[in-house]
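Just below sit the structures, each encoded as structure tokens.
Two complexes are shown next, each including subunit A; its partner changes from subunit B in the first to subunit C in the second.
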Partner chain A sequence: MPRPTLRTLSVLTVLAFCVYLPLVFFYAPIEAEEGFVQKIFYLHVPLAIVTLCGFVLGGLFAIAHLRTRDSVWDLRSYVAIHMSLIFGVGVLITGSIWAHASWGHWWVWSEPTLVSFLIVMLLYATYQPLRFAIEDPERQARYASVFAIVAGAFVPMNFLAVRLSSSYLHPRVLGSTSNLPAPMGYTFLVSLLAMALLFATLCMYELAAKRTRILLKSRSRILGYQ
Partner chain B sequence: MIFSSTLPNSNDGYVAAAYIVFFAIVLIYVAIMAVRLGRVERRVRELGAPTRDRDADIPSHPETAAAENEDSPTHTQERETV
Partner chain C sequence: MSPSHQIVDEGEPHVILPGAAHVPTGTASASSALVPVKTSRTIAAILRKELLVELRTLESVPGMSLFAVSTFVVFHFALNRTTVSGDLAAGVLWVTLLFAAMLGVNRLFVADAEQGGFDGLLLAPVDRTALLIAKALTLGAYLVMLELVAVPAFALLLSPPLGTGLGGLVAVLALADIGLAAIGTLIAALAVQTRARDLLGPLLALPLLVPVVIGAARASSPLLAATAAGASAHAAWPATRWLLLLGLYDLVFGLIAYAVFDFLLED
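Here is the complex of A and B:
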């Protein structure tokens, strides 16, 4: 099966967003309790799911790197985590906006879902300083992979721990999608697909840029420019 | 009919803010990448002419070329992944 190119992925992402946004605003009905604010659900929740999956993916790529010692896997792991961090910032901001609209507070420290996500973000915020504090490229890649694996394993455990906790103030999404009315369910699935495509496209974009820079750097060195 | 059941009634500013923030983050990222890409393109243009000159000097024998590549900084440099 041929691998999707950056151009194909970009077109698919744009198409997915062209379907996703009209579905959110013109097809999905307004939720009875929260009203129009619930539309943030179709942005915040897919973003959060893709972010957490990206962190886990970074860990899986890191395993492949440690097994094969191929630096391509390390690069993929780095890009997945880097992109997840960017998406994670979006999750925190959109979540705060939703929290303020629904609960009247930008942040609720007693809510485990919020705090656990913040912990995951803070954990991954140390990834880049740790990585770039090591000069030797071999060691840098190896230590970063170990970090990505440990942190990647922490993400699902953290998620499970929150699910098992007793507070139900934060909406339970994955357990309740089957209870969503069909138009909301379809819209949610399309939004999840659009976010996943956006994540994949930006990852490919970043990977292509990184590869080009690495090639350029080595070329410059050969020619004695650096 | 669909439109009438999905029109905003209250708090629409929050929804707009959330979506604007999201698209702003994506746009800022793409803009940063575009600036970096511009820098890379400039560098490629700068390197273009000397690269062509050097390629003309590369020996045609494959073994010599392979041995030269083994010693070149490309191998070590490409490990500097990020």
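Here is the complex of A and C:
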């Protein structure tokens, strides 16, 4: 059933990466102050944006699950959050490298975005422990959805609180894309698109794998294998 | 079956005692048994039951208060300070209150899950949200009782410069308590049905409560600031933006808890 979308998405992702990587390395100018290491910006920031969108998306899927009671939405919510967690580890690592390169420290408390991201990751790290500590599958899906909704609403709230707590301490260097020079802005947009496509493709693969496993389980139960 | 009986009996006293003082209302509700009970009455009944159980068993509040006092002693030795002020005082106070609140959160639904309280409520013709509101009020009452012990103990043991700022601190405590009660009740209901409930409760609640800690600690640190010799650097009222942050958090998570709580209760 999901074959054609999966194939199209995979091809699109490969194409986007074929454009994205050369743009980052050859088209985007080297930043005057930070030098070559600033190129991690085109990896770190899109990854972070896609991760946060994935968390919020998991919350929206969870709302759909509680409304329709269709376990497909729970599966989607699970996959979105699971994939965001994996991307989130990448965000923390690239952010740490960037912080070390430009500020000389592996961890910087005065950078509100990084700090809020860590808190969000700590919260979502409890998603799977919570989920798999509940035996009954129906209750597991319901409770996981409730968690996903609360945590999805927590993401913007947390960013507001952390930003308030340190906004006047540290000037934001590359906070918004509006003050970027044009080549950097284009490269950034392409990198954002490529990351979003990668996220979507990986989610679709995981969904397909999960669906197949569920199908296999039900078939083998019908045939009498355990 | 006896546990669910017990709960139904607690909620509907005049069904068993029809001849007592409640005759006019009692006969009316007994004749039309399927009419849902008013939510405010359900909340009052559950709240009364909770406080009565706490009064008789003394399971939560004394433990929380004792934990808070012990934590202040631990802080005294860990920080090697006889007095604290400013950021340090706010941090010590809020870490202690937060962890003491976790003890109450962990115990909040245990009796209902183990002794059939949930089943009793689901069998009764009442609005399920009543349980959320009653439990949040219960947790709020526990927190107020905790603070009535913990704040004087804090003032006594670590002597923070708390004079004119007391009114502001009470306002911050009240706003933070609402957020703690809303999130605490929701997390307690989530965690109580899991295998590792004692572990998962704090694990879920601590990141979720970071904004409350930010708001409360930043708001109370100028209230606890040491006054320099002569100068009155001591603030009497916390900055508005922290109060706004706490209020916004209370509102958002109060509404979310209200919206999703029903889904935790169906079986």
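Worth a mention:
The rule is short, and it goes like this: the second predicted complex is superposed on the first by the 205 of 226 C-alpha atoms of A that agree within 3 Å, B and C clash if a C-alpha of one lies under 4 Å from a C-alpha of the other, contacts with A are read in each partner's own complex, and residues count from 1 in each chain.
Following the convention adopted for this analysis, a contact is a pair of C-beta atoms (placed from the backbone, for glycine too) under 8 Å apart; a residue touches a chain by one contact, two chains touch by 3 or more.
All figures in this text were calculated on a predicted structure; none of them were measured in a lab.
Applying the stated clash criterion after superposition on subunit A shows that subunit B and subunit C can sit side by side. Contacts of A:T113 after superposition on the shared chain: neither subunit B nor subunit C is touched. In the superposed model, A:L66 makes contact with subunit C only, not with subunit B. After superposition on chain A, the vertex angle at the CA centre of subunit A, spanning the CA centres of subunit B and subunit C, is 110 degrees to the nearest 10. Once chain A of one complex is fitted onto chain A of the other, the partner contacts of A:R213 are limited to subunit B, with no touch recorded for subunit C.
Using the contact criterion defined above for the overlaid structures, shared-chain residue A:S145 touches subunit C, although it does not reach subunit B. Between subunit B and subunit C, it is B that contacts the larger number of residues in subunit A. Contacts of A:T51 after superposition on the shared chain: neither subunit B nor subunit C is touched. Using the contact criterion defined above for the overlaid structures, shared-chain residue A:A133 touches subunit C, although it does not reach subunit B. For the three-chain overlay built from the shared chain A, the minimum Cα spacing from subunit B to subunit C equals 15 Å. Against subunit A, the residues of subunit B that register as touching in their complex are 2-3, 5-12, 14-15, 17-19, 21-22, 25-26, 29, 33, 36-37, 40, 43-44, 46-47, 50-51, 54, 72-74, 76-82. Subunit A contributes residues 66, 119-120, 122-123, 126, 129-130, 133-135, 139, 142-143, 145-147, 149-151, 153-154, 157-158, 160-162, 164-165 to its touches with subunit C in the complex. On subunit A, the positions that touch subunit B within their shared complex are 25-30, 35-37, 39-40, 43-44, 47, 71, 74-75, 78, 86, 89-90, 93-94, 97-98, 100-101, 131, 137-138, 141, 198, 202, 205-206, 209-210, 212-223, 225.
Every residue of subunit C that touches subunit A in the complex is listed here, in rising order: 186, 190-191, 193-196, 200, 203-204, 206-208, 210-211, 214-215, 218, 241, 245, 248-249, 252-253, 256-257, 259-260, 263-264, 266-267.
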